[in-house]
Structure formats: structure tokens, C-alpha cells
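Chain lettering (A, B and C) follows the sequence in which the chains are written, and residue indices restart at 1 in each chain.
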Amino acid sequence: MKLSTYILKRTAYSIFTLLGLSIIVFTLARILPGDPARMAAGSRAPEWVVEQIRHQLNLDKPLYLQYFYWLSDLLRGDLGYSIVSRRSVTGDAIEYLPASLELVIVAAIFNILGAFLLGSLAGKYANRLVDNVIRVFSYVAISIPAFVWAIILQLVFGWWLHAFPIQGRISEGLSVSRITGFYLIDSILNGNLRAFLDAAWHLILPAFALSIGGMAQDARIIRSGMVDNVEKDYILLMRSKGLPDRLISFKYLLKPSIIPAVTVMGMDVAALLGNAFLVEIVYNWPGFSKYGIWAMLNKDLNAIVAIVLVIGLIFAIANIVVDVIVSYLDPRIRLLEKGE
Amino acid sequence: MARLSLLTIDKESPRWRSLRRSWYRFRRNPLSLMGLAIVVITIVIAVAPEYLAPYPDHAGYYINFKEAKQPPSMKHPFGTDEYGRDILSRVMFGFRFSMTLAVVVLSLTAPTGILLGLIAGYHEKTWIDAVIMRVADMFIAVPPLVLALSICSILPPNIMNAMIAVSLMWWPWYTRLVYNTTVSLKNEYFVQAAEIMGASKFHIMFREILPNALGPILTKLTLDVGWVILIGASLSFVGLGAQPPTPDLGTMVSEGSKYMPEYWWISIFPAMAISFIILGFNLLGDGIKDALSGG
Amino acid sequence: MPSREDERVPLLEVRNLKVSYKTYRGILKVLDGVNFEIEKGEKVGIIGESGCGKTTTMKAIMRILPSNAIVEGGEILYNGTDILKMSESEFNKIRRERFAMIFQDPTAALNPVFKVGEQLMDILRYSKGTGKYDEDDLKEEIIGAFREVMLPDPERVFDSYPFQLSGGMRQRVCIALALLTAKELLIADEPTTNLDVTIQDQILRLIKDLVSRRDLSVILISHALGAVRGLVDRVYVMYAGTMVESNEVNELFRSPKHPYTRALLSSAPRLTGGGISQGIPGNVPDYLNPPSGCRFHPRCESKKFICDIEPPSFFSVEKGGKVACFLYAER
């Protein structure tokens, strides 16, 4: 099938899945013990105040109606009100999301670049020292959880070596007026080179901690792909016809070798989005995850539901992008879909 | 009439021989053996920390400020924490918590997930398939950690609820795995032959299809122990799982982070312990995968 | 038929080639002194069981041996020059412009994630030597070659991915490619073994037809004796890493000399004539610890005292044949 059809199909499917997810999460949040209206009003508020709040929040209506109201609000971009902070969740989301997205995107770039580099090195010098060193590093890197990496890197490179900042997105005294919320972009748009460098410097440790697990995992996959494929007949054929080494390595060997790694990158994104929660805590990063943890610890149900959905949406989009890339790289996937 | 029964181990049967071959392959790989060693150590410590830990009562309520925040030494190889508790002992008890979580979660989710996957796969393209897999997809739609955190936050924070939260989001992965295997095997000759002979659906699912999926399932189970422990530790790190003073590794890392960098050992040793366990199960799981897939 | 002047310097001559593979179990001494030659325009077949080293020899000629292979000794002379001693770039020129190989498994021989046309264009471009070539011209050439190998709808094949074609079509593509880019030597390594029985004959006949119209040297490898018979002038029989016999094809089938050849030919089932075919007693040699002297001696009925001491050289017999067996030493 054509690429555009494929994208449409996947998008429709994701929307459907997210809707289902929203029902589940919504229901879970609503049926649990505890009275959100009371929590919003405060324990000392009189009963009539609580009733009013209950009415305002639609909590006195049947469940399906509540869902309907909630959903229609959602589609209009209104994620509801945070019971605890009394601000609109949408507003909070817009404020905190870019910090996390910036971190995750930079981590994803590290992940991809690192995996390519390490994977092709290990593949090219298979079974020699470089390969074995990378293999040991990979096992260790994958096994150490992201938040542990975060702590270790912070300890070693932040506290002990003073090479990188311990926490935060930017040093005190520097500020960047917000246009997109991405410090790297905004600082350039502001013409503030110093802020750009400073923000980048702050990004390095957390992004690296986030990316190292996936990097190692993907490097191994790329390496084994290359090792498997280098003896395949289609490469031998090209070598037998004297095609230049560069052409073979970087075009005809590389493409089939990275496909298994790209397929796994969807899971990498999941890991990045999930682990960001913890890494942000370690580095005191003012991002979505920090907001989320705060919401979770305070039982701010509206915020929690909204956060889950936003992350789910980002994840769905990322998955579609990954799927599109994979189907571009490997035509068998989109052309062989179920009995074609 | 041949019965592919799991219970009769015929020494000459191809299945037994291939199992033995897998074992030889496994034995030859030093990394797999290392993984096995680590896992065995972990299990031993998890089962009997009372006998192995130097200061078993430090695992509960214990305060001794004179001994607090001591760096690693002969008396306390991992140092002591802010209450004077021996970290090595607490780490050992922490192993028990982690392994318990993994065992409970996996014994709940794996059978459920596998069963659902078999049913969905066998009834491919019917409404049964659609319902089961769509629901599974919904749980997979959100990154595992996020889902676990959110479910956990809705419930009161304790280990039990952490286990429930993790279980709720874990089963779909088994369903997916088994579903794919079932669907691909469904049209193989041996299944069709069984159908023609009038075998019941149960027989086909459990006696014909399931044995063929056991390899990937076993690999996944092994690797999953590490992942479940990781998620459990992440939950407690955030404060949503085990609560102090229970010696859970994640909680210890989180509590200890307040004392960085001067008293780094309070966080680092529990963190290393988590990594150690995960490393062991990762190596073991990879070893099983390589051994079964034919080196 | 090759002319008398060409007989002096064969197109390709393999002399005493020894190749081993390093494996974690030890060193596999696969090729133990292969002797082989082919003249310009000659069609030669190599027959032998699986694992006897046919493909290894061909890979050595094309210099595409795997990284764990070691060439322990010997020479491969192309028009008198040892290609094993050439630099990579020197030899590239030769294999781009003059040699081509058809692989056994057409599915494995084409890169699955690139379109057929694109792969062939790149190969064709380099086979023409340095210089710029118009893409449309290259494409025309390829489509023309597709027509010659009787591919239906050549334009569509050009734009397809390999998995969209049938096994027979893929092999035709590979044959087309080989014919486009082989000016002097074509190696066909079991070109029909992996195909459906029903089209094996078709493909073989196609190859025969195409090859007969060209002045091309062809090495055809097969473990199917009949396939070789219709296509080649001369045949080599290979066993366990050495050539044991070579002769003009009909003569070989009429009067096989080497004990292995005899056993091989008599063990092939026939459509006519009675009797159950006997296998050859014994096992294929273990390349880790190959037999000393003649590698066939453990299974040979006519083994003599000297057979396990020294490997026999290629002794000449009547009608231009050669046999590597001490039974024929005095001639």
C-alpha cells in the first residue's frame, strides 16, 4: 500500500487506542475512593461549597456524561482544572512540556548518533578489541537504570569533577525570553549565544543519562545486523563486481543493518519518555515529568489523567514516525501487509 | 498416535536432544554463565537475608546516630546511612523485596497474558481477537513507566499497590508475544492435523502451540525479572511504592540522594545493587535466547 | 573451440590452491591443492558433493572469501598474472569489467531493501570502467538484458523489489546481470539448485542458449551430473578440496577413471537400467583432521600403500584427461 495510506491507517488506529485508554484511565480515576470535590474545597469548607464545586466539576452527573463533558473539553484543548493547583492543566502543560520535550529530543539524538557510531565500529572490527570493549560496555550500560546513571553522572562529573552543572536548565543570572519554550531554540532566536551554550551545557548530563541505555541496546543490534549481513550473498555479489568499499558499506550494507535497530527505536522512545520522569527529579529539571510527579504525589487526578494522555499522544506520534521511517527503509513491511 | 506431551521426557526424542544441545551452547558462553552466577547469588540472598546479613535487625527500625553516615569500612562494607543502619544488610533485605515483587508480578501476569494471547491468536480475526488485542494495545500505548506511575499514584502508596499497578500494565506484553507465535503457528500442518483429528481447542492451544512458544516466553520471563525490578525501584524512588523504613532498594537510593555528594555511599550502593540484579538477569536472559536459537 | 595460440596461456589457471578457514573449533583445511584451468571461450563444469570446496574455489577466484579464510598457498593466474598478488584496486578493474558470478540462491543474492533496477544500475555503471554514463542508457541496457533472459514485463521488474519477484525471475535477473557485465569469465555456482524443479530445466537451457551465443569462458558448478552434461565441453570432478579428475565431458561419463568418479557416477540413480544405487561407503572427510595423502583413500576400494602417504598429482591419461590417482601414475 502507499505510504500515505499507511500513515492514515496508523493514525486512525492510534486515535482509537488513545480513546480507549482515556476511558480506562478516566474511569479508574473516578471510581476510586476519595472525594475530589472535598479535596478541592479543603477539609474545612462548608458542605454547600463542596456541593457547588461538585456541580462545577460535573461530579454529580452519571459517569458517561462526565466522560462526555471531559472529552469534549479535551477536544477543545481544555484539559481540565487541576484540583490542587487551581490552574488549568492545559496552561501547566504548556508551561512545563517544552523543557521535557527538549530533554527527550536531545537524548534521542544522542541515542541515535551513539548507536550508529558504536554499532558500526563494533561491526566493522567484529570480534576484535574494539568490539569486545563495546560489548561489555553495552551490557553494563543497559543494566544500569537511567536514574542510576543520572545519579552517577551527577556525582562524578558534577560534584567531583565540576565539569558539568549539577542541576537545572540554565545557570542563575541567565535568562531567555520564552518563544517556543525550548531554551536551545529560544536562545538563538534571542541572539543570546551565552545562554545557548549554557543551556546546552546543562542538557548534556541528563540527556546522556537518559540516552545511554537505549544507545547501548541499539548499538548491539546494529552491530549484529552488520556482522550478519556482511557475509550475505548480496554483499558478496557487489564485492565480486568490484564496487567501492564505501559504496557498499554506507549504502548497501548499512540500510538492511539498521532496520532491526530502527524497529526497536519505538521502544526507545517509550523508555525515554518514561525515564525522563526520574532523571528530571535527579537534575531538578523543571519539566513535565516533575509536574507529573508532583501531581501524582498530590493525587491531582485531573492532572494525572491529562499527563497520561499527553504522554500517550506524544508516544503515539513518535511511534507513527518510527513506523514510517521503518517502512521507508524496509519496503517489505508496507508492501507485504497481510496477504498482499 | 503421537502425543506431543510436555510431561513425558523421552530421552531420544528430538525435543530432549535439542534441549541438551541448547544447554551445551549455554554452557560455552562465559557471559551466560556469569549471568547465571549472579542470578543464583541474588536468589540466595533474597531467600535468606536473615542469615547472610551482618546486621539483620538494621533492616527495620533501628537508630544509632553515633554510627550514622560512616563511610565504607571493614565493619560496614557499604557504610552506614543517616540512621546508623548498615547499608550492606539493608541492601540484602532489599534483594528480597525486589525478588518478591518480580515473582509476584510475573506469576500473575505471565499466565494471564499467555492465556489471553493463546485465545486471541487461536481465534484470529474474530471478535475475541479484536477485543483482547485492542485492550492490550491500549495498555501498550503509554510508556510502561508512565502508566505504572499513574496507576500507582491513584492508589495509596504501598508495595501491594505497586505490585498491582505493575501487574496491570505488564500482561499485554505476554499477550502480544504469544499472539504472534500462535497466529504464525496456527496454519502450520501439525495444528491442522490435530484439528482434523478432532482435538479440542484446549489441546491444540496447550499441547501443540504453547510448547513452541516456550522458548521466547522463557527468555522474556528472565529478562522481565530485571525490568520488573527496575520499574519497582523506579516507583519507590519516586515515593510511590515501598515506604520507609522498609529496605527497598529504590527507596534507599531516593533517601540517600539527599546526602549527596558527601555521603555518596548511601545512594550508590543500593543503586549498584539494583544494577547488579538487572545485569544478572539480562545476561542470563540473553544467554538463554542465544542457546535456544542455535548459536 | 579455442585456437591453438590460446592454448599456451589459459585464461584462468588455478595452481595448487590451498585455502583454510579459521573457526572456533579449529582450522578447517578445506582446499588442499586445487588445480584447474580454463581456456578463453571454453565451457568447463565442476561436479562434486556439497561441501567439497567448489564454492570456496570460486570465491577465491573472485576474491570474496570470508574474513576467516586464509589462503595458505598456490596461485590463481589470469592470463599469466597471479591475481592473488594483485592489489585490491588492480583486481577490481578485472572483476568489474571482465568477470561475473551467478550465485546459488537468487533470493540471497539481491539486496532485499533496494529496488532491482537500482542495484543493477550501480553494478553496471562500475562494470563499464571510469567515465560518466547516462542513466537512461544504462536502464535501456538492463531492460534489454531482461528481455534476453525472457523476463515478462521488464520495466516492472526493473522497478520491483526482489521479494516481489518469483525465485525463477530473480535468477533470471542475476543471469541478466552476469551477462551484462562478464566479458571474459562467467561463473555459475549451482544456478538452478534453489529453484523449483519445474523451472530448473528452463533456466539451464536459457543459460546454455545465452552462453553459446557469446565468446565467454564459463565455469558451471553443479552437484547434478545431468545439468552439466549438456552445457560444457570439459568437466572437473572435485572431492574434499582437490580436483580428482578432469576430462572431456562425454569421455568422462563414458569412462570414468578415478575411483571416486566411478562411485559417484554409478551411485546416481538412473531412469533406465535396474538395480538399487549404492551409496559410497564411508564418510565425507573431516576438514579439521583430513586424511593424509590422498583424501579419498579411506573410502577407496583400490587403495594402495602409497595412497595415505603422499597426495597424488594430476596424472595425464588418454584423450587429454587427467586423474589424481596413483592407479594411473605410470602412464
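Everything that follows uses one rule, which is that a residue touches a chain if its C-beta (ideal position, glycine included) is under 8 Å from a C-beta of that chain, and two chains touch if they have at least 3 such contacts.
A quick map from chain label to UniProt name: A, B = ABC transporter permease; C = ABC transporter ATP-binding protein.
As the structure is a prediction and not an experimental result, all values here were calculated from the model.
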| item | value |
| --- | --- |
| Partner chains shared by chain B (ABC transporter permease) and chain C (touch criterion as defined above) | A |
| Identity of the chain that, by mean CA position, is farthest from chain B (ABC transporter permease) | C |
| Chain pair, most C-beta pairs within the contact cut-off | A-B |
| Inter-chain centre distance, chain A (ABC transporter permease) versus chain C - centres from mean C-alpha coordinates, in Å | 53 |
| Distance between the centres, which are taken as Cα means, of chain B (ABC transporter permease) and chain A (ABC transporter permease), whole angstrom | 23 |
| In the complex, chain A (ABC transporter permease) residues that touch chain C | 231-244, 247, 252, 255-256, 259, 329-332, 335-336 |
| Sites on chain B (ABC transporter permease) touched by chain A (ABC transporter permease) in the complex | 31, 134-135, 137-139, 141-147, 149-155, 226, 230, 233-234, 237-240, 253, 257, 260-261, 264, 267-268, 271-272, 274-275, 278-279, 282-283 |
| Contacting residues of chain C [partner chain A (ABC transporter permease), same complex] | 59, 62-64, 66, 91-96, 99-101, 103-105, 108-114, 119, 122-123, 126-127, 161, 163-164, 174, 181 |
| Chain A (ABC transporter permease) residues touching chain B (ABC transporter permease) - in the complex, by the definition given at the top | 14, 16-18, 20-21, 24-25, 28-29, 32, 139-140, 142-145, 147-148, 151-152, 154-155, 159-160, 269-271, 273-275, 277-278, 281-282, 292-293, 295-297, 299, 301, 304-305, 307-308, 311-312, 315-316 |
